[in-house]
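Chain lettering (A, B, C and D) follows the sequence in which the chains are written, and residue indices restart at 1 in each chain.
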Amino acid sequence: MSSIYGKNLKISLFGQSHSPGIGVTVEGLPPGFAVDFEELNDFMSRRRPGGSPFATPRREADHPEFLSGLVGNVICGAPLTAVIRNTNTRSGDYEAFRDLPRPGHADFTAQLKFGGAQDTAGGGHFSGRLTAPLCLAGGIVKQVLRQKGIFVAAHIASVGEIEDDLWDPCREIERIENREFPVLNPAQGEKMQRLILDMREQGDSVGGTVECMISGVPGGVGDPIFDGIESRVAQIVFGIPAVKGLEFGSGFAGSRLRGSQNNDPYTVVDGNVRTETNRAGGILGGITTGMPVVFRAAFKPTPSIARPQKSVRLSVLREDILEIQGRHDPCVVVRAVPCVEAAAAIAIYDALLDVR
Amino acid sequence: MSSIYGKNLKISLFGQSHSPGIGVTVEGLPPGFAVDFEELNDFMSRRRPGGSPFATPRREADHPEFLSGLVGNVICGAPLTAVIRNTNTRSGDYEAFRDLPRPGHADFTAQLKFGGAQDTAGGGHFSGRLTAPLCLAGGIVKQVLRQKGIFVAAHIASVGEIEDDLWDPCREIERIENREFPVLNPAQGEKMQRLILDMREQGDSVGGTVECMISGVPGGVGDPIFDGIESRVAQIVFGIPAVKGLEFGSGFAGSRLRGSQNNDPYTVVDGNVRTETNRAGGILGGITTGMPVVFRAAFKPTPSIARPQKSVRLSVLREDILEIQGRHDPCVVVRAVPCVEAAAAIAIYDALLDVR
Amino acid sequence: MSSIYGKNLKISLFGQSHSPGIGVTVEGLPPGFAVDFEELNDFMSRRRPGGSPFATPRREADHPEFLSGLVGNVICGAPLTAVIRNTNTRSGDYEAFRDLPRPGHADFTAQLKFGGAQDTAGGGHFSGRLTAPLCLAGGIVKQVLRQKGIFVAAHIASVGEIEDDLWDPCREIERIENREFPVLNPAQGEKMQRLILDMREQGDSVGGTVECMISGVPGGVGDPIFDGIESRVAQIVFGIPAVKGLEFGSGFAGSRLRGSQNNDPYTVVDGNVRTETNRAGGILGGITTGMPVVFRAAFKPTPSIARPQKSVRLSVLREDILEIQGRHDPCVVVRAVPCVEAAAAIAIYDALLDVR
Amino acid sequence: MSSIYGKNLKISLFGQSHSPGIGVTVEGLPPGFAVDFEELNDFMSRRRPGGSPFATPRREADHPEFLSGLVGNVICGAPLTAVIRNTNTRSGDYEAFRDLPRPGHADFTAQLKFGGAQDTAGGGHFSGRLTAPLCLAGGIVKQVLRQKGIFVAAHIASVGEIEDDLWDPCREIERIENREFPVLNPAQGEKMQRLILDMREQGDSVGGTVECMISGVPGGVGDPIFDGIESRVAQIVFGIPAVKGLEFGSGFAGSRLRGSQNNDPYTVVDGNVRTETNRAGGILGGITTGMPVVFRAAFKPTPSIARPQKSVRLSVLREDILEIQGRHDPCVVVRAVPCVEAAAAIAIYDALLDVR
């Protein structure tokens, strides 16, 4: 099993939803880099639940304690480890799922894999809460990248069937980090919010997609075949709970096109080779072109819903009806936006460190 | 850089399109397993071009020579290395692309990465020809898996906007390996073939998608977070040239659904826990459920088209018109089907070897 | 950089000598295994300084807090992370070494590598204190191995020129874990202790060697070439600070012998194939023979000595005299014994998990 | 299992002693570097048997064929794969060892690991012949390093009890590559040669040690803990068949010294920080100091001897007497010298590529 990602920048996630703490160890950050803790906190608060009607009412303070890797706020070269304490947990909610697994969750597969030893409380190691240390690591990496002129941003591209505008993949990123509901088109954003509130009221949930753009990546980053940028980004993005699809550039839509429509013609802009369009999503042969890297990730609807569902009581191998209580996000994509940014930042920086 | 994949089953691809040979080293195959060479040849011939109007007229014999890893036809435990000689190459076709890169190809990004040292002939290391040794490795792994009751199959799911039927993700695989044009719905297959011939005549190309199913995988295979089945499959499938999208189970369509629609209810069939639907694509929390694993990969249209295209002459940084001669597939998905099967087999077997 | 070891059992060390905490993340422990905390504490106390005249007077409580990976005291399958708080630190002692590096320490090389950003306090990430979490991880693994009938033990083989007896490499391990001064021959042990006290009084230090035996390892564990048992053990044992040599079986002495003297004849004992001697140290071709695995590690004398030493003031590139104050072990091998056991246990268990 | 080494420079060895071919794939060589084939051949011929009374009379042409990775003689950035054909093999010699394993060889452990499927001919994958592709890879890397001012050289440090002089670890390497019998002290070399001839006549063999020096390595190369230079070098050097011991700098002898004797005082030479002695072997805290890196490897005596030896007939579990025919080196250290250089070069270059 592995909760470790990366070759040059290595991150190792640990923790269960209701264990004493969750956290991350990061190796490969640049010695001498000064972390801006306030900015990091702002970034992490974009993922933090509580206070918003679009997310679970469970409140998480998520203030990390840095155990190692820093002298003051400066990266010292030793592995950086940070811990976030788990508080405000209600483990009693979960023990029943060991025998009567929740559809769409990892309850049943964890039972198969760990033979009953798994920590069921709060979803254990499979909880979306593990994305907090992912954001912690990614938030620092984002700061490192920005110093190199590389910007990572994401927005909600769809909630259910309601779609946001897409970014022009040939232009610089529009900074939307400070928007409370991260969409490009506020009118569509309002519709999304209404749909999410509807879902909450109905005891249901809804899926969505997130679009991410990384601008400023120099050309020539990434490697052929299994270490191409697509492969590297995919390995980490599919590690975010609920991601079931991923496409780069024109992606699935591009598979319906002609070569004459999908190829990006080369041109010269300000003395640099650029492409007139960017259906490649900034990647050819696994290597960056110098155009923005663009991808979209598909999130399934939150499996935790308040409605009665068919499950199986494992101890007696008999069907039974499950009703989930508890606090759940009616739509994970809202909080997933910074997680996708974090994952993308980590993947790109790891690839950058392979450039010599 | 890395052309190596895997943790327990490791494959290492080598070769350029026009170098003396291409090949693969495979570590981790089970000692004592007898390889069926005839079956392997049949599998590899599904990928082989030549003879079909739907593929490049370049003929490749693709008869591998096994340098090591076998005693007779039996896996001996040492790394297995096989080489396929490159013959029938016309390197002269390609030298021009070093200065005037082909849109949609890796010519330009290889130049950025390797600074002019790259082998441009036939696309070098980026050539789709590297999928021949991938199929060689995957073809052996498929045989190993079948002995364990695990079957891997794929079909063309779409060419352009023409769609094949999809597999019922809850049922056993329909064996379609012997079909010349690998679709489930022959009528749709005929339309696809007409479209591909059209593209050939128009000097254009078209993309498509491939659906892959792996049945018989026991539950409990795969690992949390970054080594989930999605992450493992994604890393290798995005290593196949031209893949720009990947989705598991309900994938992107699932992101438009409600939780009450997308969750798979548990049920009991013949004393086994199963799901009534399989929108999860056989994977929850990165771990297999025991249902078939199902995914779809999106292939972009072949970038090599016979029409004039805009490019940039790099030595003088000036735009120029490029016209590509040569032999190219008007649609790569036909030959991509066994490549996807090979990649899936390798990923699943590698994950299986982590189960203890 | 990497503080990560292992393929199936992965350990990731973090922390600096004077950072808020040091610790370890361990992946791959067997779900359902119950950790005996009291026994773990006993094991870790063998490494702990304080209270003994043979070690540094710095006292470390070294009580780990388990943040994740357990439900109660049972391994749940998620990564196990434990933290040991750093208390009783006196950072002021160390700042001077940034400009005037201590001979034999990593002060100068850390400066070269991290460009001044390194944490100098207490030796930072290079401190022997990092062996506390190594022992924590290894202590748990030792418990896991013992349940499989595999025992790991080590003793001081020499201090300076005073030598302990060596183990008969063909017999079961004599359990010496409870001895305060871990030697086989108490008379030699007393001489060693006198030498160490002498060194302390003289403000000097002395090196030594540790012999380790792992009995009960089944034959057939380990892999050819770069993943042989020697390579696996070497990578982790050379990660223990101050180790500068390592030999398996007859080792350097064996290089002076004839083949007819060094080969181990096969014989049959109780229906099992054994060797009459064990000059191979239980390993042939990188793979275990079923005989005990035996190796010896050489530790250099503690570089921290109280005598004036020649160094260079880096800021002005001029030679200067350095006098070290502080609390140091006059001989690290006493406390290194459990560290070697921990490292050996981790390497062997990781290799065992590759056996299918 | 793994025959793969390295993180940035990856080498993957394949082949059995009597399979159609043996070879190596190398990833991470610098694109644009021109390989000097003549020099490479000279380097490989230092390892080649035949023609010398000190080595096996088996002749190996060892002319590699380069399948990929080059355009002409220039590294193109794709993985470089080279194959050496196995000719002049006499497999009949070896089949008997499957049931009656040779003491000191991997026959028995391979049987345990591969369950009888292993290739026994010529020692299969465990054969010293696999060091030919290791030298091929290392010979290229040595050329790359030399262009950076880094020199790797080794000499026989002892054969049996006869010792060569050792290098002054503070001085530049004396180039001895062209000596037929690679020692520093020719008089001692003559004694060694007489001893080896004696061993041949007596049907016996003898072990020895090799000393290796790498000069010109800049300070700051290597990483803390498990990726220190010692750990990196150890993993690959213990992968050379017959290596059973390894020590850096003062090594085992240093373990008998005082700190005041073993510490290397800093000094300034020509404006650079140097150490007056080099008992650290150029490495502190796993990181290079800028002084030459020095280590010694211990080789056991060749296990193949012409005398009757006790073994066990595995099929009937009964002791029996084995007499080995065939062609064997009475002392492997002569031919091991370039193998050690190759391994050292690969380890150092891989570590260098981690410096950013």
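In the analysis below, contacts are C-beta pairs under 8 Å (C-beta built on N, C-alpha and C of every residue); 3 or more make two chains touch, one makes a residue touch a chain.
Everything numeric here is computed off the predicted structure, so don't read it as measured data.
On a Cα centroid basis, the chain most remote from chain B in this structure is C. Chain pairs B-D and B-C differ in how many C-beta pairs they share in contact, with the greater number at B-D.
Remark: chain A and chain B have CA centroids separated by 26 Å (rounded to whole angstrom).
Taking the mean of the C-alpha atoms as each chain's centre, chain B and chain D sit 39 Å apart. Centre-to-centre, using mean CA coordinates, chain B is 46 Å away from chain C. Contact of a single residue of chain B with at least two other chains is seen at positions 1-4, 13, 78, 110, 113, 125, 224, 354.
The touching residues of chain D, counted against chain C in their complex, run 1-5, 13, 101, 103-106, 108-110, 112-113, 125-126, 130, 158, 160-161, 199, 204-209, 219-220, 222-228, 230-232, 234-236, 238-239, 241, 243-252, 254-268, 271, 273, 275-276, 279-281, 283-290, 298-305, 307, 309-312, 314, 317-319, 354. On chain A, the positions that touch chain D within their shared complex are 7-8, 78, 224, 353-354, 356. Across the interface of their complex, chain D is touched by residues 1-4, 10, 12-16, 19-23, 25, 27-28, 31-32, 65-71, 74-81, 83, 110, 113-119, 124-125 of chain B.
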